[in-house]
Amino acid sequence: MIAMLPGSFDPPTLGHIDIIERSAKMYEKLYVVVSSNIQKNPLFTAQERKEMLQEILQNHDNIEVVIYDGLVVDFARKHKIKIMIRGVRALVDFGYEFELAMTNKQLYDELEVLFMPTSPNYFLLRSSAIKELAFYGADIETMVPPIVAKNIKERFDA
Amino acid sequence: MIAMLPGSFDPPTLGHIDIIERSAKMYEKLYVVVSSNIQKNPLFTAQERKEMLQEILQNHDNIEVVIYDGLVVDFARKHKIKIMIRGVRALVDFGYEFELAMTNKQLYDELEVLFMPTSPNYFLLRSSAIKELAFYGADIETMVPPIVAKNIKERFDA
Amino acid sequence: MIAMLPGSFDPPTLGHIDIIERSAKMYEKLYVVVSSNIQKNPLFTAQERKEMLQEILQNHDNIEVVIYDGLVVDFARKHKIKIMIRGVRALVDFGYEFELAMTNKQLYDELEVLFMPTSPNYFLLRSSAIKELAFYGADIETMVPPIVAKNIKERFDA
Amino acid sequence: MIAMLPGSFDPPTLGHIDIIERSAKMYEKLYVVVSSNIQKNPLFTAQERKEMLQEILQNHDNIEVVIYDGLVVDFARKHKIKIMIRGVRALVDFGYEFELAMTNKQLYDELEVLFMPTSPNYFLLRSSAIKELAFYGADIETMVPPIVAKNIKERFDA
Amino acid sequence: MIAMLPGSFDPPTLGHIDIIERSAKMYEKLYVVVSSNIQKNPLFTAQERKEMLQEILQNHDNIEVVIYDGLVVDFARKHKIKIMIRGVRALVDFGYEFELAMTNKQLYDELEVLFMPTSPNYFLLRSSAIKELAFYGADIETMVPPIVAKNIKERFDA
Amino acid sequence: MIAMLPGSFDPPTLGHIDIIERSAKMYEKLYVVVSSNIQKNPLFTAQERKEMLQEILQNHDNIEVVIYDGLVVDFARKHKIKIMIRGVRALVDFGYEFELAMTNKQLYDELEVLFMPTSPNYFLLRSSAIKELAFYGADIETMVPPIVAKNIKERFDA
C-alpha cells in the first residue's frame, strides 16, 4: 500500500526522520509531503526543506519527498492514498491531532489516519524549540541531521 | 430566568446554533452576545456576525442577539443576568474554560457559568478550522448554516 | 424548571453543599438524588446519606432529597426532568464526565447535562480522600458539614 | 503485511467491529487477539468472546480470531507480526495507551504500535459502560452487534 | 544552596510573589531572573519589571533580581546554579512545563528543575489575563501588588 | 535542609532510585519513607521493601529509609520536615499529584511539595506494570536494580 506523511519540517528533526524511516518500512511507497502554506515566518522555504529531506533520505528507494500547498486530504485523494501517518509525541496536545484526523476523514472518508508514537529519545524535538535554541546559540547537533545543523547555523550566522 | 451566551461567532457554526437553541429552551430569555473586540483579523465584522445570527435564529422569540465590546461580566452585571452558558467540546482545552469561568465569577460573584457539552455531531466545528478549510476550497456546507456558507464563499471569492 | 443533581454523597462534603445550594437558586425545584447502587464498601448507607443531606439542607424549601437505585436517566424520565447538574472540579477527569453526559443524553434525548464549576475553596474535597484522611485521624472539620464530621468520627471510633 | 489487534472484547462493541473492519482493509491478514487473562469478573469467557467475534466477522477472509493468555508482544514475536493496531477514543486516557505502546516496543523493538482513531459515532462505547447499562435494563441494541445484545440479555436475565 | 526562578513577570502577580517568597525560604540565595527577550509587545520593559520586583521584594536579603537575555540554562551554568524553580498552576499546560524542564536538563545536565504548586488562592492569576482585564477597566487590585496595580493603571490611562 | 520522599516502592524501580539519588544531592538529609498501608496485595512487605532500598542506597550517608504507616504529613510534622519531593512522570495523571500536594499543604502549612521530573529513560517504569510484566515472564532487568530483579524472580517462581 501507499502512505503519506505530511508536515512542515521547518526544519526536519531527528524525530521526523525516525518516524519517516519507520513508516517507510511498513509501506511500498511513502510520500513525505512538505506543506508550503500557513507557516508564518518559516526559517527555510518549502523548497529548501524538501531538498534537505531528499538528501537525508536519499538511500530510501520507496520515499518520495514532495511539496504541496493545499489541503493534505486533496493530495491524498488525487494520488488515491488511503493511509496518512502522523507522528505523535507523548507531551503534545493529542486532542488537536485527534480533531485534525477526524476532520480529514470527514473530508475524505476512505482515508485512515494512523498515529505512530515518537521514540522516547526524540520526545523533546519540536522544530520550533530547536529554532529558538539555535537562535540563542545552543548546541543542536544531537537534535537534527548534520545537514540541517549546518544550514541552521549558516542561517543564524548570516 | 435570563441567561447569556457570549462568543466570537466568526463565523457562527452549526455547533453554535445547536448550543444556542438548546439553551433557549431552558430560559425565558437568552442573550447571544457577539464580542466585537480582541478577534485579530476577523473574517466578518461584529455587525455582520450579528446579522447572520439574527437571520438564522429569527424564529426564536426569546433570543436577542447583541454586540458588546467590553468584558462579558460587565454585560451580565448591567442586565442583571445571573447565568452564562458556555458550549464545551470534548476535545477543547477545558482548563482554559474553567479558568475563564472562575475569573468571571470572581469579578461578579452572583454569576453562574454553566458548561453545556457540544453534541458529538458538532465536535469538529471550530470557527477557525472552518475558515481555513473554506480558504482551501473544501466543502463546508455541512458545518455552517446555509447563509454562513454563502457569505464565506463570497468573501473568499471576492 | 425542575432540575436534578445526582451523586453518591458518601459522605456529603462542603463542595457538594456549595453546588447544591447554588443550583437551588437557579431552579424552581431541585432533586438531590442519592444513588444507592455501585458504591463498593460505602461508609454510610444510602438512607444515612439521605438523612444527613436532609438535615443540612432543611432550610431550602425547593430541595428534595431522594434515593434512587437505577440509572439516573430513568429517574429523570420518570419525573419529566430535563436538566441535570454536575459539579466539576478543575482537577477531575473531565473526559469521564463528558462521556457520562453524552451517554445519558443518548439514552434520554430531552435531558441537558450542565457542568457547574466547583468553587476554588472546595477543589480538594473528594469524598474518598476525606474518608481516608479521617481514617488516619486528620482533622476534617473544614471539609464537611458539622453533622457529617460528627458521624464520620463516630463511625471510625466505633 | 500481517497485523494484530489485541483486546479484552468483553463484550465486543460496534466500536471494536469498526476498528477491526477498517484495519482488515489495510493488511493482508489481521489477527484479532482476545486476551484471556487479567479481566476480573468477565461477563463472557474468552472462548465465548472469540466465538461472538468469529460469527460477527465471518465474512472477512483475512481476519483470524485467536485467544492468547500471555503478553501481547510474545504473541507478536511468535508470529513475526510487526504491526499492532490500537483503537483510541478521543475521551480515553491517551497517556496510558502511549505508555503501553512504548513498553511493548521496548520489549520487542521490531513492533510498531499504530493508534487508529475511533469513529465519532462510537466514542461512547466502552465495554464496561455497556455492561453496566445492560445491568440496569437500558437498551443497548445501538451499541453492540445483534448477537452480542442477545447474549448479554440472556446473561442478565438468567 | 543557590536557586533560580526565571520568568517574564509582565507584570509580576501575587502568584509570582507567593512562589518567590516560598522559594526564598528554602535556599540560601535565590536569583529571580527576568527574561528580556521573546515577550512580544510587553506592557513593561525588562528594566521596569526588575524595578517593581526589587521594590516588592526589598525586605528579602537573599533574593537578587536580575535581567538576562539568553537561555536560562546559560545563566544557570554561568553562576553554577543547580536548582531551578518553576511555579505550576493546576490549570496550566503541564506538558509544556515538563518538556521545557527536560530540554533544559538536556542542555545542562547538572540542573534540577523543581515544580512548586501555586497556592489555590492564586490559581487564576495569569499575567496575560490580568493585562486584558485591566485594559477593560476591571479591578485588579486583588491580583497584583499595589505598586504593580498603580503602574498598570498609569500605563492604560496614559 | 532536611527533605522526605514518600512512596510505596513495591518494588523499587530504577526510576525511584534516580529520583532518590538526585534528591539526596540537594539536601543535607533525605528520608525515604516507605508507606506500609493502603497497598492492596503488595508483592513485598514494607519491611522487605525497606531492606531492598537500604541495600541499594547503602553508599549514601545522608539517606535514611524508614517505614511509616500514617499520613505522610504527620511524619513530616513529627520530624519538622519542610520539604517533600515527588517524582512525576510526564505520562502520569498530574492532576492527582497536584491535588495530593495541596491537600498535604492544607493539613500542614509549612510543608512545601516539590515535583521533580522523572528522567526520560525511566518514563515507563511503573511498579505495577513491572510486576505484571514479571508475572508473564518478561525480562525486567533493565527496569529495576539487580537485587529487586532477583527478589521478584524468586517471588514468582515460588
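Letters A, B, C, D, E and F mark the chains as written, and numbering starts fresh at 1 in each.
As a working rule, contacts are C-beta pairs under 8 Å (C-beta built on N, C-alpha and C of every residue); 3 or more make two chains touch, one makes a residue touch a chain.
Computed from a predicted model, the values in this text were never measured in an experiment.
Asker: Go through the assembly and pull out the chains touching chain D as well as chain E.
Answerer: Per touch definition, common to chain D and chain E: A, B, C, F.
Asker: Please state, in steps, how far chain C lies from chain B along the shortest route of touching chains.
Answerer: Graph distance in the chain contact network comes out at 1.
Asker: Which rotation angle, from 0 to 180°, best lines up the CA atoms of chain D with chain F, given as a multiple of 5?
Answerer: About 120 degrees, rounded to the nearest 5.
Asker: How many angstrom between the C-alpha centroids of chain E and chain A?
Answerer: Comparing mean C-alpha positions, chain E is 34 Å from chain A.
Asker: In angstrom, rounded to a whole number, how far apart do the mean CA points of chain A and chain F lie?
Answerer: 39
Asker: I need the residues of chain C touching at least two other chains; which ones are they?
Answerer: If we look for residues of chain C contacting two or more partner chains, we find 90-91, 93, 95, 98-99, 102, 120, 123-124.
Asker: On the basis of the stated criterion, which chains touch which? Give every pair.
Answerer: Taking the chains two at a time, the touching pairs are A-B, A-D, A-E, A-F, B-C, B-D, B-E, C-D, C-E, C-F, D-F, E-F.
Asker: List the residues on chain F that touch chain A in their complex, please.
Answerer: Residues of chain F touching chain A: 90-91, 120-121, 123-124.
Asker: Inside the complex, what are the residues of chain E that reach chain B?
Answerer: Touching chain B from chain E are residues 91-93, 123-124, 126, 129, 133, 136-139.
Asker: Contact residues on chain C for chain D in the complex?
Answerer: Per the touch definition, chain C meets chain D at residues 70-71, 73-74, 93, 95-96, 98-99, 102-103, 106-107.
Asker: Can you check the complex and tell me which residues of chain C touch chain B?
Answerer: 1, 22, 25-26, 82-83, 88, 90, 94-95, 98-99, 101-102, 105, 112-117, 120
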